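Next, two complexes with chain A in common: one pairs it with chain B, the other with chain C.
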Partner chain A sequence: MTDTAMGRVAEATPPGVARRIRGLSDRAIAWIFVAPTIFLLLAVNIFPLIWTIRLSFTNFRANRPNAEVESVGLRNYQRILTDADVWATMQATAHFLFWTLFFQVLLGFALAWLINRKFRHSDLWTTIIVLPMMLSPAVVGNFWTFLYQPQIGLFNYAVEFLTGVPATSFSMIGEVSLAPWAIVIVDTWMWTPFVMLICLAGLRSIPESIYEAAECDRASPWRQFWTITVPMVLPFLMLAVLFRGIENFKMFDLVVQLTGGGPGNTTTLTSIDLKREAFEKWRTGYSSAYAIVLFVTVFGLASIYVKALNKVKER
Partner chain B sequence: MSFSITDPSPRQKAVAGALVIAYALITMLPLIWIVSTGFKSSADSIAYPPKIAFEPSLEGYVNLFTAQTRQTPEYLAENPPQTWYEEIVHEKGMVIAGPSRFGERFLNSVIIGFGSTFLSVFLGTLAAYAFSRYRIPLKDDLLFFILSTRMMPPIAVAIPIFLMFRNLGLSDTHLGMILLYTAVNLSLSVWLLKGFIDEIPREYEEAALIDGYTRFQAFRKVVLPQAATGIAATAIFCLIFSWNEYAFAVLLTSGTAQTAPPFIPTIIGVGGQDWPAVAAGATLFLLPVMVFTILLRKHLLRGITFGAVRK
Partner chain C sequence: MKTMPLLASSALVAALGAAEARAADLTLCWAAWDPANALIELSKDFEAQSGHKMSFEFVPWPNFADRMLNELNSGGQLCDLMIGDSQWIGLGAEAGHYVKLNDFFDANGIDMADFIPATVTGYAEWPKGTPNYWALPAFGDVVGWTYRKDWFEKPELQKEFSEKYGRDLAPPKTLEELKDIAEFFQEREIDGKTVYGAAIYTERGSEGITMGVTNALYNYGFQYGSPENPYELDGYVNSPGAVEGLEFYKALYDCCTPPGSSDWYMSEDIDAYKSGQVALQMNFAFIWPGVEADPNVGGGKSGYFANPAGPAGHFAQLGGQGISVVSYSDQQEAALEYIRWFAQPEVQKKWWSLGGYSALKAVVEDPGFATSQPYAQTFLDSMAIVKDFWAEPSYASLLLSMQDRVHKYVVAGQGTAQEALDGLVEDWTEVFEDDGKI
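Up next, the complex of A and B:
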């Protein structure tokens, strides 16, 4: 089963043994060992977070460090929540999230199920399938723009070959109606193996005896699939969706290289929009508030989801 | 023969195998295309229909590693090429003006990748050991805090880090990027290593303690050797992350400390992107990760789920 590291923590060292030891006390060692990590994370995560919160109430601009900084209260937040462009990027993100998760769950589960049929060399093919997800999204995303070229791209050529639609008649990353799907395709290509690996672990965790018992009871394979396989794999699948969901909510590198947010704003996901506000328009105060809104959203959605996940696990 | 979930028939295995292999081949196509485009001439790389059979050329690799300038035919005639790579460049009416920046950028990736991997695994091992073996107040909260640092979108953290680096003089420096990637990788390294160390039975250390080892000696001589595989797997995961990272690199580095991912997409030839050179750079950059992935395959699942699924 899934088994978080936290849950497995056994009780600490038996005090009887500990007391007899020479050298530093356990307590001192524990702190010496943990302190550098905590310190670094405070410096690189918490301190900047607090700084961001402070900046989010100001009109500070990082490209004008000498200009006077004024407090603007909640105005940045008000603007973000009422800005139509921000909602448009949220919608683009939601579209991207929904369809990438949909295809990755479908394909990932199907592949895991097939691999679990234990055909010859299945491990070798699994390793090959896994390769794309380990590669640099920026480098790979950039190369996909080449595959998507209308004239010379392999993708368009493959579409022409399979469906007869002329390769030159469409541009995956140049057309408003196609670009949102272009990024879904590449993300699905890249990350389906992630869902597949987790599902495979789920499938392999189901004891065969359960199926054998079901077969004795003459349950049909169809019924076995829906009453045994699906419920037992569900917690794994939900975990995969959690990981992919958080990652794709933050999505930046792959899409910025593929489409740069265009054409128009059709593939401007929130991270891309935030980057423009913060590092091109230099509206530091405004984009700090934007960052906080995003962080609260991810954190909020993730905690609701984790609650649901724990309920499924308990069943 | 009826369908069985636990005991697939040979026919079922064959069908499943064929479908998976078909998917694997399709999924490999873009990667095969990257590698093969690297060995195409510029003309072959933009041919329609896309060329599957072509005469291999090292033009892409030469363009990747050299900076070139156009010269007049007279100049070219007076200065015949000395080496095979100069010849490739000459045929296009250019001469080599010097090395390109690719070598530097690649080296930056290596320095920053290995530096941050070493630091995050070093600090992570210490913290993971303490979390695994000692009673630490608020342990669960601290562990969750460490994990939650991964939820923040990199662009969101980049704003204050950009300002902080500017004030500390860390912008566009190797040290700054190493510290940043170390902090990002620490969550993975602590969680993964804690899982690996939890699996080492405590009895070994206790026996060492009774034999007169100090706590620290027991950690070094008993726990570390036992955790070696886990530490190696964690290190590879950290290395792959730093190697692939793009968002922080593109925002916080521009020259001295720029790594390869922001650089490769900017390789421009005459009239647009020089695809063979881009593909050549991508091949050299992606290949080490492919090798590592194959080495890691037994620990892959654990690594990508922060140790949540161990199998």
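Up next, the complex of A and C:
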């Protein structure tokens, strides 16, 4: 025993300590190991959550520490749920979420499928395609504001070149009808490669023998695609949707850089609105209630989605 | 004999120690803009005279309030001196962020009567109209207009303009005239380039569109509240005149601004003007020294005029800031020493010569002041007609509500002007109710 590393450690341990540790049950030792993590989780996640719930029933303002804090009951929740502006931000978020996921899944899967075909320089193309997601969202937001500039922006000139619509006649980030699409385009440009990579991993995990067996059974490429490729990539795709969905629900930096939430509140997503309420208007109680409403929404949706994901995996 | 060197060296050590204790490292917080660079230059004199070392923390305007109010609200010790925006004074005083300066002013012979009255009310007093001072007026500023004098002087344009409008192409006296001029220049070819009418404030994220639209609202009859009760808003904020003023600003935005100017504030307006895109530019007076020095638009090519009058009055939006001592600083003595030094007339004169807009009467009422710079008279004219936004402790909530309501109507074209201002009354009422003011 003394020849093994464990044995040497045991021998080197002072007898008192060794005796004390030997006196502990496995359960106690397990608790000792997980206690720091549990403590951290409680301190960093659970305590703030409970504190936020408590604040959500008050009129507390963090910028007035000396002001009297009064309980307001459910007033903050009532205000949030009946505020037309809050519903408008929810709608803007839903629009952003749906269309970014739609385009990213569609394009990401298509790109992965093409890259998986193994053509000449496919590795180089993969590297080029994934470049956007390596950039900082703030940088992306900033240079797309230039691309969208009606007078000098390349995007507007490209539209003019392709459609004949004069470049200076429209402003992607300045018009109510276009701004929601402007942020969808940029997020899709940036994050489609991420979905592509996950789909590529899914595609490459499908054993070649399945396709060979299908070919022996004379299955057409179209049938192979729908009965082998799609079902086997689906769990990966759903995982990508979960990641992107959570990320886009809390989208902030990119949109703030691009539109600042405007024009009007057309692109004010919930995270932007929440930040304004919490750290610009300093309505801490109100914004705590707002955060709880969002938390419940995301938690509920994510739970339903994860259940669906597990069912797909089990199939 | 041995005791003498010992005593002398002890005295020397004590003296050095005292000097060491007196020399402070002061941090002054302000926005990152041209006047801040001038202040660094000016403060070198203070460092030389006092032995204190000055450090500076400058934050770009769009993030200035966010960053600095977080600093104050968290009781941070980053800043010993704060040149905070005029609207922060209520919060600074009531939340205890700023040191009250009345006793210090009395002890050091600093008299607020020596400063431009509007700057004292705007930057130093809280509650407004009472002799309770929380800052020394540091930088007088006001929204005014810059125009392309060289374009205005083109004979062919003068001829065409006078034929169309029946008057000379000259700085406008009224807001309607201003709109005519902006319309005249919109999408006009000048020197082979398409130019536009006016660059105005439309920014949504911080304070931009509010600082712009108020220049129309005030002059059409908007008031923050009843003269008897400042928190009685209905009928004042959303009066027929105010609605007309808001409609005017939207009309100006729709007819006469460059494409893509839906989120413009100070720097975007400056860029548009200096690059020759626009004939007129709305902006705070602080930019004027930079315009004069610019190779493209300076050196006599630009002119300046105060915000034109409207049918209900003649006002301009106040900008500018006062300098305060942060109550969380542990170097308040040295910070007060800086304010004492800064208040001196000769320092204020140098401040103006470096590009800082002094608010000291001795400087601006000097017979040579009005002709000292091409924009000096416009600055004086503008400072005589200023009006400021709320300076309540809840100013941030009040401001953001106005930003949202006005931007939605002017830029996004959602709803009517009446709906926007009615909504603003609701928002502001809610804020004052939450504050227990009504």
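Please note the rule applied: the second predicted complex is superposed on the first by the 271 of 315 C-alpha atoms of A that agree within 3 Å, B and C clash if a C-alpha of one lies under 4 Å from a C-alpha of the other, contacts with A are read in each partner's own complex, and residues count from 1 in each chain.
Everything below uses one rule, namely that contacts are C-beta pairs under 8 Å (C-beta built on N, C-alpha and C of every residue); 3 or more make two chains touch, one makes a residue touch a chain.
Keep in mind it's a predicted model, so treat the numbers as computed, not measured.
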Practice item. Once the structures are superposed on A, label A:Gln151 by its partner contacts, choosing first (chain B), second (chain C), both or neither. Key: both
Check your understanding: Touching A:Phe279 in the superposition: chain B (first), chain C (second), both, neither?
Key -> both
Practice item. Name the contact category of A:Asn248: first (chain B only), second (chain C only), both, or neither. Key: neither
Exercise for review: Once the structures are superposed on A, label A:Asn45 by its partner contacts, choosing first (chain B), second (chain C), both or neither.
Suggested key: first
Check your understanding: Looking at the overlay, does A:Ala62 come into contact with chain B only (first), chain C only (second), both, or neither?
Key -> both
Exercise for review: Answer with first, second, both or neither: which of chain B and chain C does A:Leu131 touch in the superposed model?
Suggested key: first
Practice item. May I ask you to decide whether A:Thr259 touches chain B, chain C, both, or neither, giving the answer as first, second, both or neither? Key: second
Review point. Is it chain B or chain C that touches the larger share of residues in chain A?
Key: B
Review point. Between chain B (first) and chain C (second), which does A:Ile173 come into contact with in this model arrangement: first, second, both, or neither?
Key: second
Study note, to complete from the structure: Overlap of chain B and chain C contacts on chain A, residues 62, 151, 153, 279
Practice item. Provide the residue numbers of chain C that touch chain A in the complex, in ascending order. Key: 65-66, 69-70, 73, 91, 95-96, 203-205, 258-263, 277, 393, 396-397, 400, 404, 407-409, 411-414, 434
Exercise for review: Within their complex, state which residues of chain A touch chain B.
Suggested key: 2-6, 8-14, 17, 20-24, 26-27, 29-34, 36-38, 40-41, 43-45, 47-49, 51-52, 55, 62, 107, 111, 114-115, 117-123, 125-140, 142-144, 146-147, 151-154, 157, 167, 189, 192-194, 197-198, 200-201, 204-205, 208, 211-212, 215, 221, 224-225, 228-229, 236, 239, 243, 246, 249-250, 252-253, 257, 270-271, 274-275, 278-279, 284, 287-288, 290-292, 294-295, 298-299, 302
Practice item. Report the residues of chain A in contact with chain C in the complex, numbered from low to high. Key: 59, 62-66, 85, 148-151, 153, 168-169, 171, 173-176, 256, 259-266, 276, 279-283
Point to revise | In the complex with chain A, residue positions of chain B that touch it | key: 2-6, 8, 12-14, 16-17, 19-21, 23-24, 27-31, 33-34, 37, 45-50, 123-124, 126-127, 129-136, 139-140, 142-146, 148-164, 179-180, 182-184, 186-187, 190-191, 194-195, 198, 202, 206, 209-210, 212, 214-216, 240, 243-244, 246-247, 250-251, 260-262, 264-265, 273, 275, 278-279, 281-282, 285-286, 289-290, 292-294, 297, 300-301, 304-305, 307-311
